[in-house]
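In the two complexes that follow, chain A is the common piece, with chain B as its partner first and chain C second.
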Partner chain A sequence: MKFKCKMNDAGSMRDFTNVANTVARMSKQCVLRLTQNSIYFNIADDSMAMVWTKLDKNHFFVDYLVAGKSVEFNEIYMELNTGMLAKSVTSLKTVARSVKIKLTNKQQPCLTFDIELSSISAESRLCIHDVPVTIIPQKKWSEYNEPNIERYDISLEMPQFKHLRSVMERIKSMSPILILSADTNGVLAFKVDTNAATITVHFPNLTVLDCTSNNEISASVDIKKFHAFLAWEAVHPTAIKCNILNETVININLNLENYLQIKYYIPAIES
Partner chain B sequence: MSIINDGEYKLTAKLGNVKIVLQLLKAVNFKEYATFCVSANGMKITVEEAKCMQASAYIPVQLFEEFILTEDVIFRICLDSLIETLSMLGYRLYTPDNPILLHILYKRVGYPVGILIERNGIVVDCSLKSYDPDEILDFDLDPEAVVNKVLLQSELLKDIFAELDNSSIYLELLLSPKSPYFMISTKGTIGECHIELPHNTELIETFQCKKESKSKYLLKHMGRAMKAVPFSNKVSLRTNEAGILCFQYMIKTDNDVNCFIEYYVSPVINDDDDDD
Partner chain C sequence: MKCVVSGGNIKILARAIQMLSKIGEEMFVQPQEDSLSFRSVNGSNSSFADITFHENYFSYYAYEDLDESDSLKCKILIRSALTVFKIPSLINKQIETCHIQLDANSTNLCFILKYKNNIIKTHLLPILDCETIRANYKKEGTVNHLCIQPRVLNDVVQNFQQNLLEITIEVLKDKILLRNYIDETSNLSNETRTQLVFGMGEFDEYKINSNTTITFCLKELRAILHFAEILAQPIHIHFDCAGRPIVFICKTLGVESNLVLATLNPDDDLGSQSTTHTRPNSVLKNSAKKPTKAKGKIKSLSKTVFGKLANKYPTNTNTEKIESSDKISNASETSSPNNNNKFNATNSPRVNSAKVIASNSNTNKRENDNSSKQNAFSSLLKRKSNQEIHSPDGGDKDDLVQNSPPKQPSKKAKLIFKKCFQTTFNPESLPGYNNIEVEDSGESD
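Up next, the complex of A and B:
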């Protein structure tokens, strides 16, 4: 089993740090999946998978090498503490020149970050962080698979973050449940019910990308989980898409120039 | 967005300046629920606590762009929810060319109060359950009953408001025709504090004191009653024989409409714990 790669582009290191920080804000633990083409950060929540973040190896890394247990299972899955990961990569955002990431075995398996820091003198300084990891055996890989949803009832673009944020900040404390609904006219509605009031926010004129029925599609979700997705604003996605499967699941897709993809799943709850 | 009034609604109103409405509502929001009285003069929002403190905000009819009322209505709704709703579209970014439109609709007793706000096409539709109003206490401060009256620019109270000793439970207000004329005192863990205010500066427009009055109020109540200081222009203080204090703030809007906020505060009569 072998993994090594190198990052030396400032933009990539900044994006990587943003991803690590956002992942750390959402969960204490995450699963890092390394494949031949991409690396993934998966966050599971109460055994229900929630977030898939996919980083394209060609954009982010040079000298990328992953060798799994065998040619047939040429991938590596490992679990790690997101807080340690986020702290280890803080310097990448500003002062680092390059970073080598590799899988090492120092008393226990570790993900080692060799960070080359810039300095005023000619000599560069090297800073090494070891993040302990737990390798996940191949027979358990299937637990971390992405939900297989072939078709959603409706897919449409999401409103801008700034509008979502001002609305979500107000309604998140009002009710534990958010009812999201969308129709073919491109109106996305957020609804909360409280003892004193019923509040519905309509975001009109959104592009509908795909839909299977002419009915209004809706799903009730945990408002805290939905609010948590706003943390991804940090990576400055260029496109956000919202997919809804009636009363089953909401999937939010964030994309940054195709090299960074985030899929966020929020299961529907009984309302 | 336009609302067709087919006579079914007792009240339909439209407003373009959400910012001032929010300021007024927030200044009286010391309780979750408020009573709205709507008449041909405009809207009066009253919040009351334990019959000893009352605050009312007045939104005059001139502030509305559209105001259709078939008969006077009165209802009680959740003020917290209303404020949250009005804040949703980011009122701080309010500019005349990118206004937030607010519609208020009310059918009749038993129906919810409809609030619609719109900005850049985003529409927030809020339906607030209406409740039977509580009886509103009439503090009744007749002009004849007024003992002392001070009319001043709010500016004068701004610093005092910020520096009141919060460890004090009470605040004492002294108004007198002779020295020290106008004094605010607190007594807290750090000691006693007396603030003497001038009675004859430019900032004081009227100072009418018939006789010396000295009353104690809960600092908590006074803190609430001074919430409108930062954004108001003028304030009048009036007291009656019993020591009931009335603050009346005048707030000038950008288009020269005067809005008012009134607070009535009852004095603390039980002097048992006074260790003078």
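Up next, the complex of A and C:
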């Protein structure tokens, strides 16, 4: 089992840090999946919203090497503490020149970050962080698979983050449940129900990318989980897409120039 | 005693109090003939800070009654001093002068702040006690001496986690290694281990006469870094070896701040986990295994080291007559051997180090792991779930890591029944000897 890679580019290191920080804000633990083409940060938990973040190796890394247990299972899955990961990579955002990431065995499996920092003298500082990880055996890999949803009832563009944020900040404390509904005219509605009032916010004129029926599609979700997704603004996605399967699941797709993809699943709850 | 601080110097004063507030709860104010000292010591007496403002720092300084020097020393709560300079970012713009006044036998220390718009604020800080402290340490002539800009050191320390308690510094001839100190109580798998290497080129002065590894508290270091930033002067670091105090000095013409920290004495130099050796050679053996061995010891040490200091420190210091601070450090070095031991006291509780013997051989396994990584992780996982399985095939005995001895479950029982085998033991002396709980069984039937 072997993994190593290197990041030189300041932009990539910044994006990587942003991803690590946002993942840390979502969950305490995450699963890092290393494949031949990409690395994934998965947040998968029964009670939590689920996130699949995919980073394209060609954009982020040089000297990328993953060797799994065998040719057949040429991937590595590991679980790690997101807080430790995020703290270890903070220096990447500003002062680092390059970083090597590798899987090491120092008394226990560790994800090691060899960070070369700029310094005032000719030789640069070398900072090494060992983040302990737990390797996930192959037989448990299937637990971390992405939900397989063939087609959603409706797919449409999401409004801009700043509009979402201003709405969500106001309604998030009103009710534990957010009812999200969309129709084929490109109107996305956020609705909260309280004893005193019912508030619905409409975002009109959104592009509908795909839909299966002309009916209004809606799903009720935990408002905190939906609000949590706003943290992904930190990575400055270029496109946001919202997919809804009627009363089953909401899937939000964030994309940054095709090298960073975030899929955010929020299961619907009974309303 | 009366003095006036004006202009930008007020900011320095505010930062000084901020720094002391990170060290201890109380602040000792000690006016001297030509200087004013603020001192603080932390609860366990493992760190001591002294900030001395010289005459030229003040726009006016009057010691006045020299005869009553004893009555002028005082102790106040640092929290009350902090409230005087609550908004340090604002004060240097609005406050013109700050008067500090301390009268003999007064119950209050008086801070008078004069604002630009003719507002005058008077703070009376209640005096808790009339005592002072001083610490014995030598500032000069230590084996190792470093000098570094606070900004550089700050950048370096930034790489460590904010809540990190202790840091280990390993100094070598040409470079310095900083590591986070991993406490043995914490599980290895919950801690990021960090090591940072930086070269001597980043120091203003670099004199290392012996390679040393020392461990001390990071919080206090951060405090003096914050203070040194405003002085914009390099920090001088003096230290000998593990177990001996490390002294940080940052001074300008008007202000001198000293910070003395106790360092951990783990008997030998294996304070924290050396994490960075990956090659399965002899280096790995030593560096990767020893920490496991050190674990048991260090726990008790860190408690005893600081605890011991706590006992010794105040009794010695409070009672002593005040001398000028320069004399203290040099003069008493020889005169009172007792004092010299203060930080050295860390040497005595070293007894327990000898008894750390046991069988831990999973480290040998580890080497195999390195050569064949395929098995490595499966076995590691297994080990993880079983909480350290020890395989008894302990290969090379020299490098064998020795764990603390397994707990003897029978110990208590032994203790209880041991008495029965003592020749001088008379069972009749025990209370309740005549009571019969259960009658003899058998025979009579």
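Basically, the second predicted complex is superposed on the first by the 268 of 271 C-alpha atoms of A that agree within 3 Å, B and C clash if a C-alpha of one lies under 4 Å from a C-alpha of the other, contacts with A are read in each partner's own complex, and residues count from 1 in each chain.
We adopt the following convention: contacts are C-beta pairs under 8 Å (C-beta built on N, C-alpha and C of every residue); 3 or more make two chains touch, one makes a residue touch a chain.
Owing to the predicted nature of the structure, the values given are computational and were not obtained by experimental measurement.
Model built by superposing both complexes on chain A: chain B and chain C fit together without a clash. In the superposition on chain A, contact is made by A:201 with chain B only, not with chain C.
By the touch criterion defined above, A:81 lies against chain C but remains apart from chain B after alignment on the C-alpha atoms of chain A. Put simply, more of the residues of chain A are touched by C, taking chain B and chain C as the two choices.
Once the two complexes are overlaid on the shared chain, A:159 sits against chain B while remaining clear of chain C. In the superposition on chain A, A:213 makes contact with neither chain B nor chain C. Our angle of interest has its tip at the CA centre of chain A and reaches the CA centres of chain B and chain C; in the overlay it is 80°, to the nearest 10. Looking at the shared chain after the overlay, A:170 reaches chain B, while chain C stays out of its contact range. Of the two partner chains, neither chain B nor chain C is touched by A:29. For the pair chain B and chain C, the model built by superposing on chain A gives 12 Å as the shortest CA-CA distance. In the superposition on chain A, no residue of chain A contacts both chain B and chain C. Listed in rising order, the residues of chain A touching chain B in the complex are 159, 162-163, 166-167, 170-171, 174, 194-205. Within the complex, the chain A residues that touch chain C are 1-2, 69, 81, 84, 87-88, 91, 95, 104-110, 112, 117, 119-123, 125-132, 134-135, 137. Put simply, chain B touches chain A in their complex at residues 32, 77-78, 80-82, 84-85, 87-90, 112, 120-129.
The touching residues of chain C, when paired with chain A in their complex, are 149, 152, 155-156, 158-159, 161, 188-199, 201-202, 273, 275-278, 288, 292, 366, 369-370, 373-374, 376-378, 380-381, 384.
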